[in-house]
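The same chain A turns up in both complexes below, where it pairs with chain B and then with chain C.
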Partner chain A sequence: MSIDRRSALLSWLFLAPTMIGVGIFVVLPIIGSLVLAFFRWDIITSPQFVGLQNFTELATDSTVGISFVNTAVFVALAVIAQLAIAMLLAVLVQSRMPPWLRVFFRSTFFFPLVLSAASVSILMRYLFNESYGVINWALSLVGIPAVPWLTSPQWAMVVVIAVYVWQNFGFSFLLFIGGLGAIPPEVYEAGAIDGATGWRKFSNLTLPLVSPTVLVASVMAIISSLQVFDQPYVLTRGGPGDSTRTVVMVIYESAFRQLEFGRASAIGLVLMVLIMLVTALQFRLARRFVFYQ
Partner chain B sequence: MASSSNITRRALLGAAGVAGAAGTVVAWPRLTGADIPGRGEDALTVLILGTSQDAAGRQAIADAFMEEHPDIPVLIQSVQATDWGDFFAKILTMVASGTEPDIVYTATEGAQLFAERLALPLDDYIAHDAEEMRDYFEDVHPSLVEAFMYKGSLFQLPLDFNAANMYLNLDVIERNGLEMPGEDWTHDDFTELLRGMKGDATAYYWTNRLFGGVVPWLYVNDTSFLVEERATGGEDFWSTFYPGEERSGGYLWTGSNARHERVHETVEYMRGLVEEGLAVRPEEGGGNTLVGLFASGRIGTTPAGGYWVQGLAEGGMSPEQYDVQFFPRWRTQRHQFGGAGYAVMKTTKKADQAWEWIKFTATRNAMELAFPTPSTTPARRSMVNDNLYTGVGPEHWSRFYDTLDRFPTSGPIPAPPQQAAVETALIRNISTALSGGPDQVDRSLESLDRDLRDVFSQEDAS
Partner chain C sequence: MTRHLPALAKYAALLVAAVLTLGPVWWTFTTSLRPAAESFSLPPSFFPLSPDFSNYVAVFQQIRIPLLVLNSALVTGVIAVGQMLTAAMAGYVFARMEFRGKNALFAIVLSTMMVPVQVTIVPVFMIIRGVGLSDTLLALILPAIPTAFGTFLMRQYFLGLPLELGEAAAIDGASPWRTFFSIYAPLALPGMAIVGVLAFNYHWNEFFRPLIFMISEQNYTLPLGLVTLQGNLGTGSISIVLAGVILSMIPAVVVFLFGQRYLREGLTAGSSK
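And now, the complex of A and B:
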């Protein structure tokens, strides 16, 4: 056997475990889901081919429509809040402070990310309880009446977003810490000579130089938030009404509560296409707004 | 002096490969699930909703059964789920993967789903062993049995149940100079009682779900959000075991009744309680935190069944600190209940053995093993006694069973085969109805009506 062939064989051998894993657990389910989207299937009876019916029904399904609107609102607000908070804290943590304090802040801000989303949401459900929650108790101390955080359509989404952002901004924060750390100090020194301080320093120097990291962070934040499930499911079960019902919740409910696996697959495919389109759009916009050193 | 040896990269890779292969061989039973107790054994598998501790708790019944039937090995399996709907979905995925159990312990919420699609009717077995079964049926209220009848056939023997009763916190009542209401109290009396508690405790704490949410209020107002009908059939059964009882072949929920004026009246009443600050806006499902809140005197009243007694005792509440009452009268005093029992899966190859299990678990001895504490209400009337409640239960524990005995029209949780979709529609629209003004009630009930029509038309189409 020639060296080239042996080398190629060895390469395939190393790749095989990953490829088998991806094939079984990613590619096959995607193909299965694609096929299922054209069937009506409730597990018990045999699948029945219905063509595009699952997709056409989505167009007139008010719950699906509301869930896409809710998800869009959630993504817009959660991603902006997540990136803004992460950036603000990253800049603050990268400013002058003792190294031990920096390590403390980095660990603290990252810590919520390693917690289970379900556990955090259960805890938050207690905190935000209208009658017995600590939040309303604290507000009552300053004379503010109890707020129906989780049982009012106006407040429920706010809480879901807040809990999600609290738990997830740590990842963007870490990315920004890395991005900020990679900016050469000479750039700031030159900027200081030119009189750039405060906001001008941030907007004219820091932000452009960290823009590749912002792109990565925003792509990941958007993809992740488009698939939000745990927080609204545990906190509100999508309620009150449909006010916090997200697309992935509708997929779950269609498949595992109402046993409409075809409908669930169709919604899943629409979401997948949406995620791909949004990501492609982001990369297209990145050509104009992202600066590589 | 340190010595060093050279291991070639090839040798290292080879060793890693051998180690990986050896690890795979060693882990094979785990990888294939062959080390799961009972997997591959020819045992009668019984699936319950709960944790592995719950399964272990039922092992005593399995042991007693196997002592009587040494030729029928039994394996109790548990599936954890957030609620019955989640449990049913998991069972269906087990069916799809070919690992379905022989028997499933299921509640009213899933009774018709099972009857329609998954379970075997028990009629022939019951008729065959009629004499053996007579003792059981003499001890069990016909309402419970009727709830597990579907289109004239009986699919489950109810072993336990819970009626929606009103729990009243006597500490809160006493603190506010109120009196424990009588059995014939009305919903107006209830409102006044809540007004007397306002400011001191959460007067009425409730959850938004199919059991204990808005449905008991609909029932006492002589209505429901679904059209309720009765199936024909079952005459032989009723004449054999309950002669003189005019019962049907089971409940049928055939469509939406959400636009009925009494449904509107009921939901508007609940909205009014919320608006006046007498009741909380209900969260969906759950209720796990309630025991602690009630036991600590922060809730005045809440709807629950006999399943709460043990929890309150464990939460440190003495029997003198609370009592139970029937739901208040409105146009009627019809109550809501839900039961549970074992269903035999259609797919089982051990139907005869499964019937032996069902028959055994319905005996008094087996039920005493199953329900040693008041964590539910046993379906056998004779077991709801002083022994079960003395020192633990409230003064009027007898009301748990009296809810059936004294109100024979009390009905089950409205759970047609499409229960999951029906429950989703109800919860979603009721929570919307309660979060706005009177107009919101109109809009929400219209929406509920639309959703339910969709659910039932889909079922008709399929």
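And now, the complex of A and C:
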């Protein structure tokens, strides 16, 4: 066999597992979802073509509507909190300090990322328990009465956001550390000569220089928080009422609780389009606002 | 900027953040060492003065933790090794081989990277059911092995390795197979480690797919088993649930301690795609 023939054989054999796998488990399912979204199917009886009904029902179904509002509120607050905390801590960690301290803080803030969201939510459910949770106990020490964290609709959303941000701010933090580390020190030296200090130094020098990283970090935070499931499922099961029911929880319940596979596919497609829009917006904004060195 | 910020305020802020980050896990650990009967009592115990390991014994007796650990280890291990191998092979071809249609195939793989698992879960469930694999560990393993992100990562890795090595080997008469197995594959091991560590971290902690695919309790993975345990016990014995939570965290912490560099590299690699 010639080298060329052998190269071709190697290429196809090496690509086969990935291409066949991606074909069966991603490409085919996307097509399947696109088709299924136009049918009503409960697996037991035969599928029934319903046209756009699955989509039009989304607009009228109150649970679906609430889940989109909840997810929007969740994404907005979680992303802002995650980015703000991550940026503050990244700037502090990158400032002058003994190297071992920097390594300690950097590892600490990154640590929650490696834990399972389900396990974290289990322990947080205990910490936020109204009558015997540590958080209300700590608040009682300073005279604040017990907060119904998981049993009031408003507080439940706050807890879901807090638990999510607790676990995920480390990801944005890592990105910001990288972005801040790439700023050449001469910029600050020049800034110092011009008298830029404190907040002005941050807003006029640091922020523009890390703006590409901020944009990437925001988009990645938005995309992953749009898919939030583990935290609300374990912490509240979507309750009280529907107050913490998210889009992915409704996909899960429609498909695997109510056997409405067509409707679940339709919601899934809407979610995918949202994610694609966010990504497209990233490129738009990048051209307009982001400052590249 | 922070040179001018009072150092005290800076360290105070960092310390508060560190305590809030580590505190919940530390509380979990110390409470798991309290006698089950005391697990509700306040004030909480932040220092295990008289550690009681009976909860760990109870966890092993009560919820067949060994089986959950075994299932999780099996699923995670096979997925990690499978991803490392298939991603290295496909990444190598995309980086170093030339043939018609290569770019189109790579574009397909890349475009699937953005598709969230929730969009494909229903048809994947049908496919798994269709081939008779529902409620088996293979239902979790098979769909997770092909990895668009891992393939992308390995392609980048191979592109960074010197072209001359392969050319020299070819001149010496090495076959394309030998060039891969004796020259490039060993050099790509750090890249494969990134793929493996990322896969381990993601699938060891995974909850959504096991919740959907696993029906019999004997097939539960660790996170699913623990959530079920919390539900079953209601508010009965926190310490036992928390002992299970700590057990589930140990492998993740080991990876964190020894594979942190790979994990950081892999996690941030996604931001430059």
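The working rule: the second predicted complex is superposed on the first by the 274 of 293 C-alpha atoms of A that agree within 3 Å, B and C clash if a C-alpha of one lies under 4 Å from a C-alpha of the other, contacts with A are read in each partner's own complex, and residues count from 1 in each chain.
The rule is simple: a residue touches a chain if its C-beta (ideal position, glycine included) is under 8 Å from a C-beta of that chain, and two chains touch if they have at least 3 such contacts.
Note that the structure is predicted; figures quoted are calculated from it, not measured.
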Clash or fit (per the criteria above) of chain B with chain C on chain A: clash
Chain B versus chain C as contact partner of A:Thr151, first or second or both or neither: first
Which superposed partner A:Ser116 touches (first chain B, second chain C, both, neither): second
First, second, both or neither for A:Val165, with chain B first and chain C second: neither
Partner chain(s) touched by A:Ile24 [first = chain B, second = chain C, both, neither]: second
First, second, both or neither for A:Thr197, with chain B first and chain C second: second
Winner by number of chain A residues touched, once chain B and chain C are compared: C
Touched partner set for A:Phe256, first chain B, second chain C, both or neither: both
Touched partner set for A:Trp137, first chain B, second chain C, both or neither: second
First, second, both or neither for A:Leu209, with chain B first and chain C second: neither
Touching partner for A:Tyr126 - first (chain B), second (chain C), both, neither: both
Set of chain A residues, in rising order, touched by both chain B and chain C: 43, 126, 129, 132, 256
Chain A - residues contacting chain B, complex: 40, 42-44, 126, 129-132, 148, 150-153, 236-242, 253, 256-259
Chain A residues within the chain C interface of the complex: 3, 6-8, 10-11, 13-15, 17-22, 24-30, 32-33, 36, 43, 85, 88-89, 91-93, 95-97, 104-105, 107-120, 122-127, 129, 132, 134, 137, 166, 171, 174-175, 178, 197-199, 201-202, 206, 213, 216-217, 220, 226-227, 229-230, 233-234, 248, 251-252, 255-256, 261, 264-265, 268-269, 271-272, 275-276, 279
Touching residues on chain B, where the partner in the complex is chain A: 85-86, 89, 92-93, 95-96, 117-118, 202, 205, 208, 280-285, 289, 293, 298, 418, 420-421, 424, 427-429, 431-432, 434-435, 444, 462
Residues of chain C that touch chain A when the two form their complex: 1-5, 10, 13-14, 17-18, 20-22, 24-25, 27-28, 31, 40-44, 85-87, 89-90, 92-93, 97, 99, 105, 108-109, 112, 114-127, 142-143, 145-148, 151, 170, 175-177, 180, 201, 204-208, 211-212, 222-224, 226-227, 230, 235, 238, 241-242, 245, 248-249, 252-253, 255-256, 260, 263-264, 267-268, 270-272
